[in-house]
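Residue numbering begins at 1 within each chain, and the chains themselves are lettered A, B and C in the order written.
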Amino acid sequence: MTTALQSPPRRSTARLQEASLLNGPMLLLRSIRGLRTNQSIAWLATVPLALLGLGIFSFAARAGVGLSDLSGPQAATFLADNLWLFIATILVIFMNAGFAMVEAGMCRSKNAVNILAKNLFVFALAVTAYWVVGYSIMYGNSAIGGWLFFNGLFFDPDPSGALACAAAGDTGCLVPAVDFLFQAAFAGTAATIVSGLVAERVKFGEFVVFSLVLTAFIYPISGSWQWNGDGWLANLGFIDFAGSSIVHSVGGWAGLVGAMLLGPRIGKFVDGKAQAMPGHNMAIATLGALVLWIGWYGFNPGSELAMDEYVAYVAVTTTLAAAGGAIAATVISTLTSGKPDLTMIINGILAGLVSITAGCGNMTLVGSWLAGAVGGLIVVFAVAAVDSAGIDDPVGAFSVHGVCGVWGTVVIGLWGVDGMDPGAAGIGLLNGGGLNTLLIQALGAAAYAIWTVVTCWLAWSVIGGFFGGIRVSENEELQGLDIGEHGMEAYPDFASAR
Amino acid sequence: MTTALQSPPRRSTARLQEASLLNGPMLLLRSIRGLRTNQSIAWLATVPLALLGLGIFSFAARAGVGLSDLSGPQAATFLADNLWLFIATILVIFMNAGFAMVEAGMCRSKNAVNILAKNLFVFALAVTAYWVVGYSIMYGNSAIGGWLFFNGLFFDPDPSGALACAAAGDTGCLVPAVDFLFQAAFAGTAATIVSGLVAERVKFGEFVVFSLVLTAFIYPISGSWQWNGDGWLANLGFIDFAGSSIVHSVGGWAGLVGAMLLGPRIGKFVDGKAQAMPGHNMAIATLGALVLWIGWYGFNPGSELAMDEYVAYVAVTTTLAAAGGAIAATVISTLTSGKPDLTMIINGILAGLVSITAGCGNMTLVGSWLAGAVGGLIVVFAVAAVDSAGIDDPVGAFSVHGVCGVWGTVVIGLWGVDGMDPGAAGIGLLNGGGLNTLLIQALGAAAYAIWTVVTCWLAWSVIGGFFGGIRVSENEELQGLDIGEHGMEAYPDFASAR
Amino acid sequence: MTTALQSPPRRSTARLQEASLLNGPMLLLRSIRGLRTNQSIAWLATVPLALLGLGIFSFAARAGVGLSDLSGPQAATFLADNLWLFIATILVIFMNAGFAMVEAGMCRSKNAVNILAKNLFVFALAVTAYWVVGYSIMYGNSAIGGWLFFNGLFFDPDPSGALACAAAGDTGCLVPAVDFLFQAAFAGTAATIVSGLVAERVKFGEFVVFSLVLTAFIYPISGSWQWNGDGWLANLGFIDFAGSSIVHSVGGWAGLVGAMLLGPRIGKFVDGKAQAMPGHNMAIATLGALVLWIGWYGFNPGSELAMDEYVAYVAVTTTLAAAGGAIAATVISTLTSGKPDLTMIINGILAGLVSITAGCGNMTLVGSWLAGAVGGLIVVFAVAAVDSAGIDDPVGAFSVHGVCGVWGTVVIGLWGVDGMDPGAAGIGLLNGGGLNTLLIQALGAAAYAIWTVVTCWLAWSVIGGFFGGIRVSENEELQGLDIGEHGMEAYPDFASAR
């Protein structure tokens, strides 16, 4: 009954309950199809009909176990586990504010409304899609051994199973509601990362449709490979504690494909040389970075999926990696460009955080600081390399989430350790663990890259083909997407300097 | 000893302790009255005098029960309950930042300092007023059966009662300090909602006095009808889990009266047609919306007033309603105006959140998403209707908090369920619960509307009469309230576009 | 086994474990010294070498006690204590965002990037410095009885000791990771306060070096006098619950010395009269104040270092002091200058919070409100006094953190009480406690002032001497530090009004 994480760490192995909830939606669809009145009335009319079909819980009454049946240690663990996971969930959801501020602040003011709208709306959409189908795909029962899972639509929020789990003396017995919400927030994060890469030129509606596909299908399918206890990568021993690969690199790769299909913003490259297009509001960008830092305390320590003596340790590895990333990126960017660039400090922090996300439970403290510092070093050069490749990544999201996502996955194979117990053995190439972990980590990182690039290329292409392209017109881009896509300005009271 | 909420859910039924604390303030008042020296010296002199009168706890020593006397399950529940409520309180207080950013961002830059100052100062005032008298009125002993309560000034922070409650095997045993602070934050929320409706034209001092009256008397009195266990609405079976009516609609109605008495801003209506007066900073408005979303995880799940297996369920209903509201408002506003307006996405989210606030513990997941979606639909049309009525609501606060506050109360009568247990029966008109719930919910919503409109009309009128009007001069309004009321600008370094 | 705080309250008395971790760093240093290749390759090469030396835990395997060995009350307390402290830590770290927004918002836009960069980078540096050496100095074993402590570099994150502590029936058994992170966040706060005082004219690199010295040595040494259980001030009975003196006044004094050595900004004094230099963004300044308010709920209640029935009480004293500070500062500044200045409302809130930080566990509720109100009054006059003295404190940081830090320390000697039990006796001059407490509090406040002024004068001078001054050139200052120090602007899309 120890809660110490053994290698490889796994996310919740509890399966969604079998009870299919498909009956309700079927009723709803049939009722919509049957209506021949005008659209808006039909829409309103479906509300009561939907309620009749879906509006009450259809499963059996809950089992007899209640909070009051738990023994002292059981109650303590159950309540602490569920409280901590709920708080972690709130922190991860708060990251939306961080992403919105970083991305908006690092773009030009004429596109600020568009970025803000994307971030707000896509989170609402991601939660809905993940609720309807994504969560079931990611944590359902296997359809094709270890590669594809499904459990019917929606999920059963009955907390009885978690209480019975606690009453049996287990730890980490999360009620379905908190497990769903925590995972839904992660799905939203992946979608938000894409937003930065395609900023300042993608059509609003087309981006929204892509986000729907990403959070409903692409992310949950590959996520299940590791975080569903029966996934093929989990069975191989792949380690990705909180999602350097599963969340960050997937977001990074998905956005990279979008950025490449879109092409660079007008004026970004002159004679093949990348031009600076400075962000319009460094105050909110900095605020966003600090909010993301805070949110990461839910993202990483929350991925312990229980409250125990190791949660704070994960927070320290996370903090030291952020510090290492900030220091390395600042030093390197000062050495290479003469002055400490604030956007590089911000990206250094985020790079450090992404670099520790996979290994935050499999790293010593020194190893964590170094993993972050190398991430901070990498991000400076990656930004330059992306520019050199002629790819336009307005906020450096691929360098931060994609490149450092891969780095964070691979570094476990270099100097990771086998869990958080003080006596944990080295499992990396450089600390006596041999080559095995490194190979598995590289394989996993590659699997996420290949899957995401292929499916997202397909998705962006189909969406673009269907709607007539994913890029706004040249006129609209020059004028700014705020007017073109939303008919408004972010700062109408202020005179423009341009 | 189960903590499952039975219908109707009730807030803390524990009464404030009897011990009157009036002695201290009486001494203070007498000492002030007796002084004939100049004012500032007198003020300083009262400090030591006050201390002698008030500065030590005057009640008997605490009872013998301590943390170490609790059994395992008792300690687990007591600590989790009080920790969770404290965290929920922090989240609700954080909503001040959300309201400040949304309201300031959606107004013009020349009035930004005024809105920010109102939000900061009014929260300080609300906490003080609620501490001195409001909490006692809301949770005291009944003076007039079910309609008016009072328990003397201040409150007794002795935690002994809560420990004894826990030692007796009960759950939800909150120490008075956390219960007070949670409720005080709710009182502050009601006052902050008003701020949005009267923005850009109300005098600072007059608004401050109104807020004092609202948080000390108007809000606590009507709040006690439901959340004081002996209130007449509670006894009727009225359901308002976290305050769609009690907090949001009260704030909305109070502000509406203010907005009507003030009249529209100069230039808002030309030939009877509403003119767009766009907000000056959509970045902070969006940030504010996301902060409010986060804060709502304290507002709604915190209203369970305990940590148990249902808290996360309330968070999921809250999240899905926000998502539904965002999606519906975006779709509808795109259909009606051609482009997705960011202010409508923001208001859709807030509308969804307000729409689930009453029923977040009495709704299925599908029901929650739909309640939010209908709220998002309502807010789009309500904003237009308020404009058509010639009422100037600069940030759409009445549509969000007033109209959706009523909707969120009433929807329980349409498709609510009887608690959060999976087997909970339908209590709405559309899911087999008959008409009874709907009628009681409508009665409650109406009671809050009537009470608030009447008392606030009186309060605004008396304050206006006493101070010579509540509206700034035409010159000051044109120049901006920042200069007129505060002698400063919000963004002095930036050139104006107007 | 009661957790009631007895006077004087003390921070964790648990010592860091003895096991020296110096071996690893020694190996690292030797490996660096031995390399003769070029610098950047050497840097990269140290990574694997460092890993071999440091990368695995070198201490013995953990003791046998696990979570599952704890009894019900033990598990409940252990989990609640560690969960609460972790959450408190997150809140304190969030204060970085608050400080960054307040300080940036209250300065001119041409220096915004510089302030933001300082706040971001210095926190990363502070955490690293405190990890390497500061924490060991502050909470290590005494080298010179009660005055100087040290325990080797780094710290041992093994949670076994905390579990054994819990298994022995103790409360407040924090795992080293959470204790370190909480204390590291405090160290970062002290450094951030300095940033405000030297804003708009200090060189970036020189400030960074000073911050390193402050967080690695100056702050931990004086901090140990009280918060290390064996410190000489702790032994005297000095009370500083959460750091009015230890954190805030140290930050204030350190910055004051910097501000005096730097001299005023160009244009601040004309003919000896202070000129207004208004902040450029009151929206983010207000947001920052609210974030700080929220963060203080970690700072003060977290300093209870356990979850118990008193944590929420500390939150109420904190809230009431903030409210009192806001109200007093607003009233006084309206009386003295005619209109309620938003910066004074903000500084009033912060003054109230600083004023209760030392006494938040030793004050009645009325006493707390009054302590905050007097702080709000003090800050208005202190700002004027600092101006009159010809010292340029751009954001009022010395008045808030320095002056009110002293006031908050001393007020306990005026009307403090002996802990948070309802029956706690008065220990102040005005409530029957005699002169003793007042004298000790004044002595402690003086000790922090003298220590900080002397060491910081030395540090600033040595750094200035070594690097050729700590102030930017006149040209750079006039143009703005954003261009000079960072080569970028905070808001390039907006036209300047200046």
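Keep this in mind: contacts are C-beta pairs under 8 Å (C-beta built on N, C-alpha and C of every residue); 3 or more make two chains touch, one makes a residue touch a chain.
What you see is a predicted model; the values in this text were computed from it and never measured.
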Graph class of chain-chain contacts, one of line, ring, star, complete, other: complete
Rotation in the CA alignment of chain A with chain B, degrees, nearest 5: 120
CA centroid of chain A to CA centroid of chain C, Å: 33
Overlap residues in chain B, where contacts from two or more other chains coincide: 71-73, 75-76, 80, 83, 87, 281, 284, 287, 491, 494-496
Chain B-facing residues of chain A, complex: 24, 47-48, 50-52, 54-57, 59-62, 66-68, 70-73, 75-76, 78-80, 82-83, 85-87, 89-90, 93-94, 96-97, 100-101, 104-105, 112-113, 116-117, 119-121, 123-125, 127-128, 131, 154, 156-160, 162-163, 175, 177-178, 180-181, 184, 204, 281, 284, 287, 485-496
Of chain A, residues touching chain C in the complex: 1-4, 71-73, 75-77, 80, 83-84, 87, 91, 108-110, 171, 278-284, 286-287, 289-291, 293-294, 297, 301, 307-313, 315-316, 319-320, 322-327, 330, 337-343, 345-346, 349, 364-367, 369-370, 374, 414-415, 417, 421-426, 428, 430-432, 491, 494-498
